[in-house]
Every structure is written in structure tokens, then in C-alpha cells.
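Below: a set of structures, written as C-alpha cells.
Both of the next two complexes hold chain A, though its partner changes from chain B to chain C.
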Partner chain A sequence: MNSWTGWIKGALAGVAMLGAGAAQAAPVEINFYYPVAIGGPVTKIVEDLIARFEADHPDIKVKPVYSGTYPETISKALTAYRAGQPPEVAVMLSTDMYTLIDEDAIVPFDDFVRTDEDKAWLEGFFPVFMVNSEHDGKTWGVPFQRGTTLFFWNKDAFKEVGLDPEKGPQNWDEVVEFATKLTKREADGNVSRWGMQVPSSLTSYWLLQGYVAQNDGKIADETGTQTRFDSPEVVEALQYWVDLAHKHKVMKPGVIEWATNPKDFFEGRAAMITTTSGNLTNIKTNAPFPFGVQILPEHKKRGAPTSGGNAYIFNGVAPEKQEAAFQFVKWLSSPEQAAEWSIKTGYIAAREDAWATDAMKAYVAEFPGALVPHEQIPYMVPELSTHENQRISRVIDDAIEASLTAKKEPAQALSDAQTEADRILEDYRD
Partner chain B sequence: MSAMTLSHHAREASFWRVLETGACYLLGLLWILPLFYAVWMAVHPPAYEVRFELLAPLTLQNFVDAWNAAPFARYFLNTFALITTILVCQFVVCTLAAYAFARYEFPGKTVVFMLVLIQLMIMPEVLMVENYRTISRLGLVDTVLAMGLPYMASAFGIFLLRQTFLTVPKELDDAARVEGAGPLAVLLKVYVPLARPVYVAYGLVSVSYHWNNLLWPLVITNSVTTRPLTVGLQVFASPDQGVQWSVISAATLMTSAPLLIGFLLFQRQFVQSFMRAGIK
Partner chain C sequence: MKKTNNMVVPWLLLLPATVLLAAFTHIPAVMTFINSFYRTPRGNRPARFVGMDHYSSMLSDPVFMAALKNNAIYALGTVPAAIALSMLMAVIVNSAIRGRALMRMSFFLPTVLPMIAVANIWLFFYTPGYGLIDQFLGLFGFHERNWLGDPDTVLGSLMVLAIWKEAGFFMIFYLAALQQISPTLSEAAALEGTSRWYFFRRVTFPLLMPTTLFVMINAIINSFRLIDHVIVMTRGGPDNASTLLLYYVYNVAFRFWDTAYASALTVVLLAVLALLAFVQFGVLDRKVHYK
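What follows is the complex of A and B.
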């Protein structure tokens, strides 16, 4: 800063003071930061919901603030918080919880849950989604836009190679067997269709978690301070994934982009893919062939990771604003709205009663694929979430990438990752 | 004998010339390929994103979809307001500061100039929290001015103009003064006209930087009525789903079109200015 900004500061401070006296006796105003991580008119859907909330609650005004991607949202919210102007509510990754707690940026929901109705609302969420929302016996966030991974296959390709188009592979061995049949090699050795594709750019730990859960292991414990990257279950899981590409040669070697994976599926360059449940509508609209969708194949058991965003209430704002924020979050995640949000965006409604609403029933009857994520809920495991989460997920992502690009053996890559994670998390252990 | 050597030289020269021109075309082609690809994706239905068929059906639907995905008309207006404010303020502040540093003696001049230069070494992102605090104390959060304020006293601009002003012969300055011009008149009649290429070059760098700037505007603004184009573009970054490349391409072309067209129109002036100003 130089003297010139100092000059303008003085001039403008006066203007700011003039404006301060105006907002009295008006309804409580709260800011709501939300990211957009999917296509479609999300900003419109949000504004629509808020208009209805305000009609129900004339004493509260909500200002929706679209805040970019997830990483940009947490940057914006934390910057504003540190500068003393936090938003009242923000939707951020459920895995950001520890970071937010460590920054002292959020307050637990427990302080606002008073009536029996409040309690019933809080207990209505599926427990698996709450693992990434609870710490130290308190609830720090509530599930808002959650997802999981699903398994898709091209029925035409199945018919072509003599597989039953109505039945996807049910376990790891069948995936290899089916994928081997489905992989099509041209005379010149080029592959014109891969049997199986699993995306591995960005947050690939998330897909690894699915394999680890199916292998009856855990990638980390729930204290947020201990990862288990080098445990045998994790090593086997990564080995299986790497083998798809390098041993069985049924998956495109190297890193597979999230963004192009569904495209490869539409174009017939991949016969089976794993991708997010958020892609259901995308695939339904764009796949030029009949497709099948099911929960992830099992190994020792079924398993799949959860993902997505929680709604958090911020620290450092006036109590009546926090209270208003709580009312808003509660309304937003109550059965009717949760169902509506899920239908319009493709995220999973995180409570059983949302699935029992008329709107949801009608939707599922029209599009049975929408029920598949619900079917997977009993097998879901919480997403990797630790202190310093961004660094830890980076470490494991790098290990996965090194293995898939054959720079390191999976066992070696994972043991290196564990050493690094131990170093980072050391400070947070008692 | 001498005629032979000459033609030999000439031939050698023309060989290098051809090679040089060829290399230029190759680099030019490499540079423009992504742009061509973006245009290709933008004017075809999504099915042709990765398939090249010369006769693929053309469509403008992607542009329509992109335009409707966010209030782009308003964002265009905001971006124009933002870069105009920044540019005007930068020119005024930097010109005055550069003039003082170039032609006036005052105690602590070197120290102050060093302090200005230090600003060059600090990434604006590092100062985000502190800037936010300042802006919110000024009561300016969520305004166009807030997006521009941290960039107005540009150290780069001050440095660049000071160096240019230093090259202006002192005799011109003296002559103007003899004619009775005051300090401001000297600045406006002698220094600024001579530095015109530098202003053009610096203006271009500044405009393209602020046209593309995302993080600070996203952080400091909240409403549609203040946010610039780049924030609107973020709507298309949808990691939870497959990305619609054709719509993204259309949106990117749409938002960068004014800059691209402006550059093509004034290409000659820009290139000359850059050569003279020595910024590359």
C-alpha cells in the first residue's frame, strides 16, 4: 500500500459510515456461498429454492453468492472469514471439515438443535454421510450435495461380444473377464475400444477408496490423523487397478481424464466405465446406445465411496444470523427440498425420507437408474478426510498416478505416500 | 569470380530465409491450433468434438447455450467497467509517480523507489486476506472499485514509464520550461507524447491481465452486478460431471472475442509499440 491508497481510504471511510445506519429493523440477512460442480442451470435452481424459503420465512433474507469451484469457494470463504466478514452459510467439500475446524471457521450444529423436530431432522441423514460431518461428538456440517461412483456399461458392445446385455460384471474377476472380451484390437495393434476405464486425473484416491472398501480395507481411520496407505488391503486394491491397464491390458494405460471418460463411453471407445453418480443424467441424455448402470462390482464385499459437499455455518457472525442460517440449512435439507435438489442436479438425496416423497417416487418410476445410487448406500464408506486434507489427498493421488504410469510399483508408491502422510499428520496426533 | 561468390551468398541467404519463414509458419500454426480446435468444437454439435469430418453439420446452438448459462451481457459490461477503471487510474497514477521518480529530487527518493520495486516481487494473491480487510474497512466489498483498487498503483507501470521518461532528452524539458510551461504542462506536452508506444504496450498487457483475472474478483465480489466475465466462465467447470467441451469452447471464444478482434485490428500498432517499448 502507498500513500495514494491511504488518501482514498480516508475519503471513502466517510462514505461507508453513511451507509451503515440504514439496515435496521429489516429482516435478518444472510449470505450463502455455493459452488457449482455440475453442468446445468444450478444458479437458477438455487435462486428458485431461496425465493420459496424467503416466502416461508419473511424474517430472513438469503443472498446467494455463487463462488466458483469447490477450491475457489473455500478460498473465498476463508479469505472473507480471516478478514472478519465471513458468510453465514457456505457449501464446501465434506472433506474440508478438518481444515475448517482447524481454522476455527465453523460452529457445530448441535448448539442450534433444540426442539424434537430439529433432532428428528438431524437424525434423518444416512449415517455414512454423517461420518464426514462429525468430529469429536459434534456435527459440524450437514450433507447437502453428495455423490458416489457408479458402474456403467454399453449394452450394444455386450451383445456384440456375446455377453448378456442386461447383466453387468458382479465382481473383480468378472470385470477382467468381461473387459478382456470387450477390448477390441485392430490388425495394426491399436486398440479401438477398451474394455474398462476408470478415471484417474484429480481426486483419484476417491476411486481407489472404492476398491479398498471392496477389498475390506480402509484407506484411513476416522480420527483424521492416521492414514493406512501401506496396508495390504490398499496395496492389493491399487495393484488390481494397475493390473487392469498393465497386466490384463484392458484399460487405457496412463492417466484417464475425468472430463473425457464419459465422452469415451459415448463414442464407443470404452465399453465399461466407472464415474460419478452426477453423470447419470449426462449419460442418459447423451449415450447414443442403450446403457446399463449398477452399483460397483464386489470383491470380498461390496463397497463404494461417498463424495461431495456439506453445508457449514460460520463462526464470527452474530448469533441471530447463525440462527437464521440454521433455519435455512434445515429447510434446504428437509425431505421435500432434498428430493427436489437431487432430481434437478443428480446428487444423492442424503436422507431416507427424501426418497419417500411423491416427487422422488415419480422420478424413480420414470427413470429407474436414479434408484441405483440409493441401492449403494448400505455399502458406502466415508470419503478420505484428514487434517491438512488437501496435502494428504495430493500425496495419495501422486502415488496412484506414479503406479498407473508405471513409474513406481504400487507397493513402493504407497509406502512412500504413507511416510509422507505420517510426516504431515504428525503434528495433529496426541 | 566476384559475380559467382555473390550469387552463392545470395543463394545461401535465400536458403536461410526460406527456412526462417518456414519455421515461423510452423510456430504460428502450432500456436493457432488450439484456437482452431476451439472454433471447430464451438460450431459443431457435441458429437463431433473429437471426430473430424469436414462436412459435419454446423450449429450456433453452443453459443446460445453458453450465453444462457450465465448473465454474460452484464458480465461483459462489468468487465469493461473494470478494465477501464483500472487502466485510467493506472495511467494517471503511474505517469505522475514515474515523472516524480525520473525528474525530481526529493529526500528518500531511492528508498521510496526501492519500496515500489519490491511490489514487483510480491504476488497479489499473497496479500489477498490483507487486501480484503482493507477493502472491507473502506466499505467497498462487492464493487467494481474493489476489484481494481489493489492493482492501480502498478509498480510495473511506474518502473516502465520512469525508464522511458529518463530517456527523454533533458534539453526538450528545458526548452519547454523556457517557453513558460509549468511542470504539468511539461509532462503532458513533452513526456507523455514521447512515451506513447509504452502506454499502448503497457495498456495491452494490463488489459489482457485483468480481462483474464479470476481469483481476486471472485473473492471480493458477490453479485451479478459487479462480477466480471471470468467468474461467469467458471459455471462451465463442472468436475462432478463430464465436461461439455463444445459449450466451453463457445463460451471461451465469446468472452475472448473482443480482445482477439481488438488485437487483430490494431495488430500493427501493438507490434510496433512492443518493439519500441521493449516489453515482450
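What follows is the complex of A and C.
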């Protein structure tokens, strides 16, 4: 369908040009697939941005295509690619980079970066966000919408049990200590408020990574072919998490849903939670009590995971379309637009110069909580990203779930996961 | 001349159906079977013939074994329960009681609702602490339970939803069958003074057997085919305690992009279904009483 309309348009444009002999070329049309993983009028924000881009670049037309969730977006983009009709640009998880490279579906940005201005733009991103964007000395995607996890607490609950409401726990031991005070057990043994809650339904490896970073360990090498699930630092980190539920009994046992976690917080059923920075606006709007937000507590050191989406340019489309796609991505991730996107959605602006724009300064002055993710950037570690990433992340998620539901000891679960990961990644090692 | 016409017209009439069936059923099925013997091609690595490798690695794939076991439990749990419940509901709404139309409608309602919507509603029912079920059980002093977050309760929770969703649909078939049963039978039985239970067991139930066979085959297929609620509510977790076969196939094919292994899994899934249908038709059909 697209190819037909494209063909007809092209033919008509050709006829028009022949007839009039006009020098005016038809604008290059590119498709932009983007997912929506957060609340808010994202479609509207995207359309506004594109309208302004097109006003600046009359020779390029961008067709935005809302493509569902992140997994749906990569499914659609790869299916379209296999059918010979890839989108020119798509926003997909930064951790899907190896999958996209293995499919030969994307092209590196390096070929398009020519001028000094281009180079300055590419170097402006925070290095930690670039680790999940680079492979083999090339840049395969650029950070578009990135996040991290933050620590929230209920100030009213803190007051109630005699804790300083302005000060959250600063390390692992304090978390346990505070959570023990905050956990409220009724006479019949029913718990009406848990001290601490960490979500553990899918992509829980992401939260584990925070604990591992704080424990001075690594969940995987940056080569994309070797995981370190059974290393002592990872085992200790998972053990600490599991202990919150089973030893200290300050966290709801079993698997905690991502969506339920902030709701439990609003309902006063969880006094402290860890959740994605994407929930900042949600919590600011919906928490019926004063809340505190801070970077994650430390253990051996500070540490936090990154997450989120990169913009990728696809293989298998005409060079002038790729060039137009590059111009679009560059414009979209330049300081002003990065700041605007961050303010309107809650994602972290991935470059320092975006934080220096007037719009961002005004926003931070009005809502200081927005600065917390920025404060965490120096401590961030790249997200788990390997070949066959979806499969590997499922393996480690299963291990975390098995431990939290007390089906396996953390050490056993992680050693099983490592064996499975080795089997999957074997093919990709030289 | 006339003879060729005779040959051409039927083939032309068959053509649309043949093309559609071939394009969307037969060719994909054959391709799936063939692909299951090759390794998934990726970018610069072409497909390679691996023979039975995918099938033998299934045996040592813990997630596949878990999915197989879960699906067996799921089918054994949901199919008889849904059949019994739908039969019961049909008998109730077939009798002359007050508010019959309202009851028929409310029994049928779950069937009309889209599974995705239903799953989202039930997600709230099962929320630990303040979900509907925990609030209700709390009245009787039960503690809160993490229904979907505990491997011991998650599959059962999904099964309850499935039974609730399916029974209304099957009730329609039973209701139609019940209305076909001649009233002279019950009048005769009433004259003889048989109890209602005895009448149901010796007359109604046997006469419903053709419907039961039909419903059972559909229910079993559905228990392997419907996974929308798994995707919405648990995504197979925790630790694959609610992973069903088709959901695993979907994951392998469209999340892990291992289409060859997914093909092999699909072949196994189809073989299981074919075997079950064969057993049902072959064994039960002989015992079914058709008029």
C-alpha cells in the first residue's frame, strides 16, 4: 500500500517536473516509528515537534507512526524491514541494539556525521547513555528518551513513626532499619503497610542492576557476549533484595507489579518505593500526601541503572532518506528539543547542554524534584544489553522471580541463569 | 466444449476459497514444518539445516517443559469445570423462573466482553490488599494474598477467569440443545414419578452428549489457543508459573525472534491438538447417542 502510494506520488511528481520543467524537488518523505511507554499526551507532543521541524526543513516531510509499546515497535519495525519496507527512523530500546545489528537492520550514525557541528552534537550526550549506543567503535543509535530508577518515600508515614521526614535512607542498612519501623502489622498478623517495595514483574533485572552497581559489581560485560549473573556481587545484591521480603519481612512477598507499586504508595500501603523516574510526574500529581524523592541509597558506593529508548536509522532505504532521517534525529535531540521533550514527558534529557537551556532552568526552579535524575547521572551504569537481549533478560528475570517467590535460593537461581545465558550467547563468542 | 465448461466453472467457484486457504493456511503450515528443521537466519548468518536439533533441545528446555505442564493443568482444570458450569447455567435458564431474560443475559455477558478488557478488570480483582477479592475475603478475616505474584496461585487465578469467560458461550449451545429435547419426555417421566436428578442423569444428559462432544473439543482448543489474559495479567510469570504453550511460542517468535525454534514449538502444539481431537472423535464419538 505504502509502496504503491509512494510510487504513484513519485510518478506524479516526475510528470509534474517534466511538464513544468521546475527545479523545485519534491520533499523527501520519511517514516518515524515511536512507542509510548508513559502516560500523557505523547502523540500530541510528537506531532508539535514534527510540525516545527518541517517548518525549519521544508525539503523533508516526517510521517509519525505510533507503534504501540517498545516490544511492539521492534516487532513492527523488524517485520517491515524483512518485508523490504522499513521505517527510516524508529525509537526502540537502547538494549535492542545488538538484536538490530544482528538483523543487519540499522546503519551507524558515523557515516552521516561530517561537519564539526555534527561532531559537537554527537559528543554532547552523557557518556553513560552512549555505552548502550556504541558497538565496535561505531555509534548505532542516539539517546532519545532515557530514564533511571529513583527512591520515593511518604513523609507522613515517616513522621508517624518518628523518622525525620526530610531525610530518606542513605544506605542499604538504613533502608532495612527505616523499613522495619515503617512496616505496620495489625493484631491479626495482617500487614497494612509495608516498609519498602521494589517492583519485580518483568524487566526486574533493571532494578537488580541498581543493587549490583551499589555492590560494586557488574551484571554483564560490555561486549554483549558475556553475562556475570553468578558473580558474588550479583548474588549478594539479589540476596539483599530477597532478604527484604523473607528475612526482614518489610516487603510484600511474591512478585510486585510495576503498575501496582505506585498505587500501593498512593494508598499508603507501601511507605518507601523504588520505581522508574518516568513515574515522577505521576507521583507528583497523584500522591495525596507530601513525598520525598532522592537518588538510590548506596552500599559500597552509589549506583543506578539507565533505561529507555534510542533513535535508530534503518538499513535498506535510499541514501537521501537516511540523510533526511539523520537531520531529523539530530534536530530532535539537540538541546532545545531534548529539554522540551524531557519537561513534557519526564524522561531525562540525555545531554548536559539541554540542562543549561532557559526552559529547563525555569522548570527545575518550579519543580526541584526534576533535578534528582540529573543528580544521579554520575553514578549510572549502562543497562544490560547483549545479543539476543530479550531472551537473556527473560532468563535473569525468571531467576529473580524464582528467588523472590522462594522457589530457589538466589545463588542457585543465578547459577542456573548463567548456564542458560552461556548456552544462548555461545554462538556469538569468537 | 460443454464438458470443459463443466470443469472450469466449479474450479472458478472454488478459486477464491482455494487461494485464501492456500495463502493463509496451507502454505504457512507447510513452511512452518519445513522451517522447524533449520536454524533461524539472522542478517549475515544464513539458515542452516539442523535436522531434529530444535525438537531434541525442547526436552532440555525448562521453560517449554513448564509450559507443557502448565497447559495440561490449565486444560484439565478449565475444560470440565466450564462444561459443568455451562450445563448447569443452561438448565437453570431453560426452566420457567422469574427474571429468566436477565439471567440469560448476565450469564452470557462475559462472552461478549473482549478478553483484553476482561483481563484488565480481573487484574484489579486480584490486586493484593485492596483488590475486590482480597477486600471480600478480608470481611471473613482472610489475610491479603498476592494472587498473581505467587507461583502457587497464579495459574489457578487465570483458570477461574477462563472458566467464567468461557462458560457463558457454551451455555448457548446447551440451551439450544435443551430446547430441542421433546417435552413429551419430561411429561412421560413426570407421570412415572421420576426424580428431577434421575431424569437429568438418564434422559437429559445423554441427549446432550453430541453438544458436549462439540463443546469439549472447542473448550480444549480454546485452552491452548486463548492467551490474551496471560499477556495482560502475568506475561507468563512469576518464573514461568503461568506460561502456556502458545504464549511461549509467541515469546520465542516475536520477542526472541527465534522463528525456527518457534516453528518447531508450533508443530508440537499442533501435534498435541491433533492427537487430542483424534482421541475425542475416535473414542467418544462411538459413545455419543445421536438421534
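In this text, the second predicted complex is superposed on the first by the 405 of 430 C-alpha atoms of A that agree within 3 Å, B and C clash if a C-alpha of one lies under 4 Å from a C-alpha of the other, contacts with A are read in each partner's own complex, and residues count from 1 in each chain.
The rule we apply is simple: a contact is a pair of C-beta atoms (placed from the backbone, for glycine too) under 8 Å apart; a residue touches a chain by one contact, two chains touch by 3 or more.
Keep in mind that this is a model prediction, so the values were computed, not measured.
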A:Lys407 contacts which: chain B (first), chain C (second), both, neither?
second
Kindly classify A:Glu267 by the partners it touches after superposition: chain B alone (first), chain C alone (second), both, or neither?
both
Quick one: is A:Thr69 in contact with chain B, with chain C, with both, or with neither? Answer first, second, both or neither.
first
So, A:Gly162: does it touch chain B (first), chain C (second), both, or neither?
neither
Once the two complexes are aligned on chain A, which partner has more residues of chain A within touching range, chain B or chain C?
B
Touch test for A:Glu388: chain B only (first), chain C only (second), both, or neither?
second
With both complexes overlaid on chain A, does A:Gly278 touch chain B (first), chain C (second), both or neither?
first
Scan A:Gln85 for contacts with chain B and chain C and give back first, second, both or neither.
first
Once chain A of both complexes is superposed, is A:Leu202 in touch with chain B (first), chain C (second), both, or neither?
both
For chain A, give the residues common to its interface with chain B and its interface with chain C.
75, 202, 260, 263, 267
Residue numbers of chain B touching chain A in their complex, please.
46-47, 49-51, 69-70, 93, 115-116, 128-129, 132-134, 136-141, 149, 152-153, 214-215, 218-219, 222-223, 231, 234-245
In their complex, what parts of chain A are in touch with chain B?
1-2, 4-5, 8-9, 12-13, 15-17, 19-20, 31, 36-39, 41-43, 63, 65-70, 72, 75-76, 79-80, 82-85, 147, 202, 258-263, 266-267, 275-276, 278-279, 282, 286, 288, 308, 346
Please give the residue numbers of chain C that touch chain A in the complex, ascending.
42-44, 63, 127-130, 141, 143-144, 146, 148-151, 234-235, 237-241, 251, 254-258
Any idea which chain A residues touch chain C in the complex?
71, 75, 78, 99, 101-105, 188-191, 200-202, 252-257, 260, 263-264, 267, 269, 388, 390-391, 394, 397-399, 401-402, 404-405, 407
